[in-house]
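Shared chain: chain A. Partners: chain B in the first complex, chain C in the second.
And then the complex of A and B:
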């Protein structure tokens, strides 16, 4: 009982991270049909700039958090104006733009390498890491904060998408950008919002997950791949399906690692995803997209 | 045929020139390191011709080509370890690649665009994961040694190996030109354009997708065997992310859906980092910036750029009957 509790809690924590990255990827995909290969780099930038502002510059907590989110938002704007817009103007298909975001990810890693170097760095924790008991479970405030933030951001995204006029515009753009434009929705702004909002989410993820993962400039790729797998497993069409996919992946990963061997956790996950895709080509919850083809 | 001749790019003329140039190269090189680079250019050409047929011509993206690259290399290494001679191990490892592709290709090719990309990426990741963890068979992260190539009792030197690679690369280019120049090429174009329309015109979409997928992964496996022979070892890095990035970069820099894009891209991508190492820490950053600049300003890669240049220079002379030049995207 003790063990399964710990395993599930660890899975849920990782799942929140994968789920939020998957949610970000799916949000951008929902507005412009582009998969952002640089999503994990936003998390990396969040982690690394937390080190910069909290340790190197020793800013107080709130200004430091604001500065971190500022860095991530600037990076999102750079991605939109430097990569997405120019490629779109030249009529590039979505898969080419995806390769463009891959180039952006390499650039972000390269730039971060210049600033922070290749070594693993200590990341300051916003919340204490001491063990505490919640009922039968042993956990720490950082872990709980990640899960709570995950739930809160999910709720916020749901509210935004389904309870506001703006959310209606986002969903309309997702269904058909051209028709939405003809209906007077400024789809460009929607796309920009998608980039900014998902970067913000990733920045918050970076702030929270840094102390658990440690800061290293190459950490982005792994997170991007896990986020993708989450989005693909759940279904790219809906942010919530993507988040659910992330939780599922992390839970399976934690269970395999806990009861089998952690060595084979990753290959087993990918094999499972591959098999699920054979039976549900648009993801577990991806009926919406299937209908559009 | 008229149109093809008008462009001066028949099926065999340019590959012949490439063959001659490739055979001259070793006489101009001074060190073994340069010879190694030239061999790697050939290997990347073979690998990326496969990717180009699959994505550039048929529009089916696979991000698992590095998996087949590593699969070919590992199959060859394991078979040679089991005592198989070269002429049996090479076809056998290609058959392994083809077999695996057939098995995973049938369900995989039901997927489209991003889903296909991610599912094939899954395959690549599984392969890299297993290769680095199944230590008893694959040697783990350290990999395995591949003995120097011996054909009929004769120990093949690095230069001879290079000649072999050049000949294979040119043969692969010829095969690609043949496919693209015949009705097969039209079928592949139609798959990229619109599968439903292709099907309504009588194209067996599933069969052709599977064929081109098998061909491209066999070429990836062939390149993998070549790389194993040149490096004299295999290790899990063969199947990891950087190789995928290299494939994408070669294809984008050279030009997707062009005949000699793979070769041009391979030359640039192999040689450019030699210049970039001078920049030290800036290397990764510059690599990314260059990739982005190519995407932005040469959407058809070097190949498209050169073609546009040739057309601008020579068009006035060839203006008489002016066959309409269809520049493939």
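And then the complex of A and C:
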């Protein structure tokens, strides 16, 4: 019984990370139909700038967190104004813009290499890493924080999308940006919000996972892949579906690891994704996206 | 800063304090000084390439080995080079990318005119250079890449300077047996280093009739390794062997601590890197690590003092020594008359073949790896240098992961 509890808790912790990256990818996709391959680099910038502000500059915690989030927001604006807008103005299709985001990811990694160097660096923890008991389970406050923040950001995103007029504008832009524009919605601002909000979420993910994973400038790629897998499995059109996809992937990983071997986790997950896509080509919860087509 | 026009106008001013002297005599003096300060090399430089990861996932290993390589290079040039030839390093960063690494190795052989290639800490890029060495017939000295089968079928120009995974595994199994452990748990990452090492450890433990009560593999990107570690805990081992990379190794050690496992732990050579110990902090204290550097040897101490003076302090681990020993092996072979004769005749291909032959002929070279008296064992049929005996030295982590000290083997026993 304790073993299954440990496995589920680990799945939920890892799933919260994958889910938040998937949610971020889906948020941008929802506003402009572009998959942002630089999403993991926002997480990387969050982790590495936490090192810069908390260790190198030794700022107090709250100003350091504000500075970290400032960095990822600036990076989001740079991606929008430096890659997305110029390509869009020249009539580039979404596939070209996606490649543009991939190029931006590689450039960001190279620039980060110049600043932080190639080594895996220690990231100070915002919350203690000492063991704590939750019922029969042992975890630590940093891991609990990841799950709590995941739940909070999901709730915030839901509230924003479904309980505000601005959220209605976001959803309308996601359905058809041109029609939304004709209805008086400034879709360019909606897209900008998508970049900024998703970068903010990724920056928070960086602050949370940095102390557990350590900081390395190349860490963004694997996080993008996991987030992308989560979004595809759940359904790209909905941020909540992508988040659910992340949790499902991590639970399968944890179950395979706990009762088998992690060596086979990835092939099993990809086989699972493939089987699900055979029956539901738009993902498990991709009804909205299926309806669009 | 004044420009030349300003200077002229000031000199011409009736109230100008002094007339500025032209700057060229001073510049010429500086230039002459700089020229005279350089050794007057009578012959062309001999180029040796260093190709390794210095900015990717295994950057620590590549950087430290390159630093060791540069120390050996500085020594040989300070001593007058090799028969009047200065030695020049041509360094490339392969970024743990096998294709890029192979391209750089080709460039060394084809464009740079290098006599030898040194490098290769991570296994995949290291392996990618072997066919290049064979194709261009250029000696290639591989460093810590540990995958066993890389030297199983000797390639004519390939030499392995670092230990292979099965040697680490045998050393660990030997220690486990000597210390009286009976129930071993293994946890390894899913990368080739982790799986290959775990496979070798299973074989070595089986050969000593030691039971492996649990084995777990994990993905290096997982933030929570509790499922794997709790499986190990449930198997009630009396010692845990960990085969990780740096950051994930720290997570394993922290999770072991978090789940209250006080079991003695042995971590593979990746824990020699400060990254793992920095990230794990106090959770790494007490861990035993197989090293190939005897910290009590005077020549080892001297090397790490020189390292500290030039690059900053580093714990005495195998990575700087690998670069240093590989460079010294090449330089010793370069000084052989046949190599020098081919070089003086401008026969690069012949010089490379002669260099390969000289490395084989000097096969029992005594470097800084291993215990005092141990030597490499290269021969025509054996391209794996480190011998099985008298090579490994166990070190123990202390001081919140900051220091490596002699292992306290009296206390490293099964918990009653």
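Note that in this section the second predicted complex is superposed on the first by the 293 of 293 C-alpha atoms of A that agree within 3 Å, B and C clash if a C-alpha of one lies under 4 Å from a C-alpha of the other, contacts with A are read in each partner's own complex, and residues count from 1 in each chain.
Convention: contacts are C-beta pairs under 8 Å (C-beta built on N, C-alpha and C of every residue); 3 or more make two chains touch, one makes a residue touch a chain.
Keep in mind that what you see is a predicted model, and the values were worked out from it rather than measured.
When the two complexes are overlaid on their common chain A, residue A:86 makes contact with chain B while staying clear of chain C.
Once the two complexes are laid over each other on the shared chain, residue contacts for A:113 go to chain B and to chain C alike. In the superposition on chain A, A:232 contacts chain B only, with no contact to chain C. Residue contacts after overlaying the shared chain place A:263 against chain B and chain C alike. Once the two complexes are overlaid on the shared chain, A:102 sits against chain B while remaining clear of chain C. Once chain A of one complex is fitted onto chain A of the other, the partner contacts of A:212 are limited to chain C, with no touch recorded for chain B. Where the contact sets of chain A with chain B and with chain C meet, they give residues 113, 263, 266.
Every residue of chain A that touches chain B in the complex is listed here, in rising order: 29, 35, 82-83, 86-87, 90, 92, 94-96, 98-100, 102-111, 113-114, 221, 225, 228-229, 232, 236, 263-264, 266-267, 270-271, 273-274, 277-278, 281-283, 293. Residues 2-3, 6-7, 9-11, 13-14, 17, 113, 117-122, 129, 131, 138-140, 143, 146, 209, 212-214, 216, 218, 222-223, 226, 253-255, 257-258, 261-263, 265-266 of chain A touch chain C in their complex. Against chain A, in their complex, chain B makes its touches with residues 61, 104, 107-108, 110-115, 117-119, 121-123, 125-126, 129-130, 133, 241, 245, 248, 252, 281-289, 291-292, 295-296, 299. Contacts from chain C toward chain A in the complex involve residues 54-57, 59-60, 63, 190, 195, 215-219, 221-228, 230-231, 234, 246-247, 250-251, 254, 257-260, 275, 278-279.
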